[in-house]
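Down below is the structure, laid out as structure tokens.
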Amino acid sequence: MNTLGDKWSFTSFGESHGAAVGGVLDGVPSGLHIDIDMIRNELARRSGRGMPGVSGRAQREADEVEWLSGVLDEGDGPVTLGTPVAFLLRNRDARPEDYEELRHTLRPGHADGTYLAKYGIRDWRGGGRASARETAARVVAGGIARQVLAGRGITIRAELVQVGEETDPARFEALLQAVQAAGDSVGGIIRCVVTGLPAGMGEPVFDKLQSHLAFAMLSINACKGFDYGTGFAGVALRGSEANRYSGGLAGGITDGTDLVFRTVFKPTPSISRPQTLPDGSTLRIRGRHDVCVAVRAVPVVEAMTALVLADFLE
Amino acid sequence: MNTLGDKWSFTSFGESHGAAVGGVLDGVPSGLHIDIDMIRNELARRSGRGMPGVSGRAQREADEVEWLSGVLDEGDGPVTLGTPVAFLLRNRDARPEDYEELRHTLRPGHADGTYLAKYGIRDWRGGGRASARETAARVVAGGIARQVLAGRGITIRAELVQVGEETDPARFEALLQAVQAAGDSVGGIIRCVVTGLPAGMGEPVFDKLQSHLAFAMLSINACKGFDYGTGFAGVALRGSEANRYSGGLAGGITDGTDLVFRTVFKPTPSISRPQTLPDGSTLRIRGRHDVCVAVRAVPVVEAMTALVLADFLE
Amino acid sequence: MNTLGDKWSFTSFGESHGAAVGGVLDGVPSGLHIDIDMIRNELARRSGRGMPGVSGRAQREADEVEWLSGVLDEGDGPVTLGTPVAFLLRNRDARPEDYEELRHTLRPGHADGTYLAKYGIRDWRGGGRASARETAARVVAGGIARQVLAGRGITIRAELVQVGEETDPARFEALLQAVQAAGDSVGGIIRCVVTGLPAGMGEPVFDKLQSHLAFAMLSINACKGFDYGTGFAGVALRGSEANRYSGGLAGGITDGTDLVFRTVFKPTPSISRPQTLPDGSTLRIRGRHDVCVAVRAVPVVEAMTALVLADFLE
Amino acid sequence: MNTLGDKWSFTSFGESHGAAVGGVLDGVPSGLHIDIDMIRNELARRSGRGMPGVSGRAQREADEVEWLSGVLDEGDGPVTLGTPVAFLLRNRDARPEDYEELRHTLRPGHADGTYLAKYGIRDWRGGGRASARETAARVVAGGIARQVLAGRGITIRAELVQVGEETDPARFEALLQAVQAAGDSVGGIIRCVVTGLPAGMGEPVFDKLQSHLAFAMLSINACKGFDYGTGFAGVALRGSEANRYSGGLAGGITDGTDLVFRTVFKPTPSISRPQTLPDGSTLRIRGRHDVCVAVRAVPVVEAMTALVLADFLE
């Protein structure tokens, strides 16, 4: 349930308003000098500092990774031992009191109701495990994976290519501000390109590389879809055209060309505008929320891609 | 690599032009009377008999399931024992000689090249494991899963909602004939609706139900994408709109409403039109090929959905 | 439930008196020329032909492997494709009528009662999945694994070192005949030595090589125990003595010395002597039964060892 | 590598002389009130306080569990949320300086050499992952499992039944003191009995309950063997005798009688007596060491049994 991958196995834990979020990354090769600055930088990208339409809490998250195991630091930084790398990020800015009035309310578009149906209990102090906070641990683990991939010449680069109906990046900020002013939120599409992959990565039939990528992307909160290569738009192509472009994969296995995929995120479900609940009452969610979760999902998409690819490295 | 699922575990085997394709389905509850006619019917749907634009070989496939284990038949049909259900489908219509000239040719849009890169050998007598033939075993296993789900009141119904640029089903046949006449092929989009799901199915974080569905769909040959609920089109919605529609899932867990997803298939890569290969030579693929793989993928989408859902049954 | 291993993944199927037993072996490297004679020879060892105290049915089993997939034979024998190797062994000598009177009887020392408790149904025509017949598929799969290991210089050799209270192999046959004459059965201990293992095989903590070996051995019917290195006898040693002998492993990882382990098998539960059942009635099991299952378990122990080791090969 | 179990999945982390050891336990049902005192008591048993022949460090370990996630404490103690329970135990008494002289020495009977062969690096500040310290996390996780099992009426009780050649518990202490006085160590056998198991637990063929128990036991450091029911001693029985005693299992599935198994531990490899190394030099290991690891392994055997059984609960 909270573990992803086989050879690179990442176990995630932590509620958004509990003591900490964190993870255990098993399968990291020994002898890797972890670049702490790179991971700190990825966490800063995820927190969205300085980006338009990002929530107050996220802006304040100045996450410091506490390394619990799997590394030996003899003065020149942590070096991996080949044993499980465990780490945590304290939840410094937890404000359960902000959620007191949500103790008995199931927010629309959130997992409050399904968690309650499944477990008979939920952590009402925020989104619990279903919070965006959980992705911080993914970014740390994915950062380590990216460092290993970079050592093999593999690079991953995701970017926002659509916000709402807008496809011109120059106009994203204006749209985000307008939506924010309306107390609403909007969706986004992220495109990811992986370069430097050798031919032959991936397994046929039920462990196709695209299956694992789709699995990982759909595991990110608010993600509603994945396509690669010609994707959904390719429905209108003829075979004589489509045969010229693979998107990096054939039969589930890399062919040595760039791997290209997209993933779509729905609008942030937490919005400031009043919403009418099924019982007719009106819900107002306090605080400042992300206008577009896709903005901060960019480094998460990269991190998840890295974890999937690392699992397929020989 | 060739096994899918955990509690319901399906292992698939077989090359398209070897002795047989088949599978082993582990985790089927004991005491199930298998409805053989239903499975025969699903195989007929998959073979596309009477459908427009379907290949000659598929039309001739009159698959009979040979049950090898896991069932006890004391006169009134096979009843499951709780042990692994193994079955095979003989490849009666294998014509390796049709492929003789492809022994040294890597077909565009196929997995010929990536299999060769990965394994250093490939079964040149057809697509091997990467053939559409492999899906016959999925349909048998999925048929058993659907019977168990039906006993819980869960029904799965997929349909073709787009062929090429055409979204009006009344015009699909005309388009398929036109494309076939041009010796070409075209893509398609399948929409699938699951009704009768109880709330609380699925697991949070890395075993979200949508992750498993996406994984299973992307494992079908020629599938290029998956989305659910508001999907890719939902990028243009505002949160105040998107919050009203879940697509059946929140936080990876069913909420008791209908589950709705789509999946896109690229045009059939085997086309009759001459194609220019990278070395400048011209390839003509013999035989009659599916014009649109999505046509015959409909029962495969349903079968894979059934296998995924059965794995989450309590 | 019926699948063992990760990189080398073996799925077994088949009831003893159904159509066939067989298996699917996934993860076999491509390009291996399978030595059919070696596998035929292993099956003959398992059938116990010419050995003392072996049952009538086993002696008659002249198993021929039917290869269903994963190999390409272009005239000089089957060569693996890297795809799943599926095979079956028909149950030619099934005699359900021998079991007719056992339809409603739960035999002492057998799994009849626990299968019924678990599944509410059982295949009364013999032991079903809990029959020794099931090990034939293990021997085929293990034979392929041994061929790959042999190519790396790794050899596996098991032998019977104790029968009943007897530890002198010269006297095993006499004891077996005496026990057979008494209509009874007797236990045995098998010792297995693996040579040629490189240092560094195995994984720490929960995937220790000895854990996987113990798991595999205890999965063989009638196996009641496993030990390695100094084993149970080592309880009486002092550390200063025990430190001199590793049994091939330290911390779950091979150290480059010979791997040595033992496994114990209980007496065959099917015996000719009348047995009193819990309800006071008397049971007489027909037919001729193995006097000591350990005799025919020797090639099964080797096969399982091979499957475990192959799963740890880099 | 560092994860055990499927439905109850336990991931362990931590080096003996790093920051902490700990774990993530996934699959714990929601709504369980964790009995903290019981877990504290199990940790005290594992530390061996007041027991004969136990090392200095172990005696000083006063472990306090720090709960990181998966529980909600609203004043009356931690209640599980159904999400992963993560916890850690700080390594308060780490004394790397004690190991400074072992930085370049591979201790006999330890995993120092195999870890170095496998990873090319090792945590020389103690045993790293191969330290007995790692079992503290198992005891915490196993304690939670035992609480769930107790709620189903299942109890687990292990005890030391042999120390060295001594089988009379009244004389264990005297033997331990004599061995300690000689600067040496000695092995032990633990017997474990599980009562209250329903019939039908366990899975046939490759997931037999005894396979999982053997796997778990052999994953404990210094464990050299496992047997159940008639075990190794049963080799000398006749079938007519052995059929009367199942040890709680038939065909891998519980039969409703008590489950009884044994496990053997080699003598502690760290001894005070000087040892001659392969290069002819003499090694003296400082500090006070356990005379018999089996003494403190008793609660670890119980904890691992609980984790295995919890994984099979419906």
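Note that the chains are named A, B, C and D in the order they appear, and that numbering of residues resets to 1 at the start of each chain.
Definition applied: a contact is a pair of C-beta atoms (placed from the backbone, for glycine too) under 8 Å apart; a residue touches a chain by one contact, two chains touch by 3 or more.
It should be emphasised that the depicted structure is a prediction, and the values quoted were computed from it without experimental measurement.
S.K.: Could you see whether B-C or A-C has the larger number of C-beta contact pairs?
M.R.: Pair with more contacting C-beta pairs, B-C versus A-C: B-C.
S.K.: Counting only C-alpha atoms to place each centre, which chain is farthest from chain C?
M.R.: The chain lying farthest from chain C is A.
S.K.: Report the inter-chain centroid distance for chain B and chain C in whole angstrom, where each centroid is the mean of the CA atoms.
M.R.: 37
S.K.: Rounded to a whole Å, what is the gap between the Cα centroids of chain C and chain D?
M.R.: 29
S.K.: If you average the Cα atoms of chain A and of chain C to get two centres, how far apart are those centres in Å?
M.R.: Spacing between the chain centres: roughly 46 Å.
S.K.: Hunt down the residues of chain B that sit against at least two other chains at once, touch-wise.
M.R.: 1-3, 12, 83, 115, 118, 129, 204 - these are the residues of chain B that touch more than one other chain.
S.K.: Flag every residue of chain B that touches chain C in the complex, lowest number first.
M.R.: Listed in rising order, the residues of chain B that touch chain C are 1-3, 9, 11-15, 18-22, 24, 26-27, 30-31, 66-72, 79, 81-86, 88, 115, 118-123, 128-129.
S.K.: Which residues of chain D touch chain C in their complex?
M.R.: Chain D reaches chain C through residues 1-4, 12, 108-111, 113-115, 117-118, 129-130, 134, 162-165, 179, 182, 184-189, 199-200, 202-208, 210-219, 221, 224-232, 234-244, 246-247, 249-256, 264-271, 273, 275.
S.K.: Once bound in the complex, which stretches of chain D touch chain B?
M.R.: 6, 83, 204
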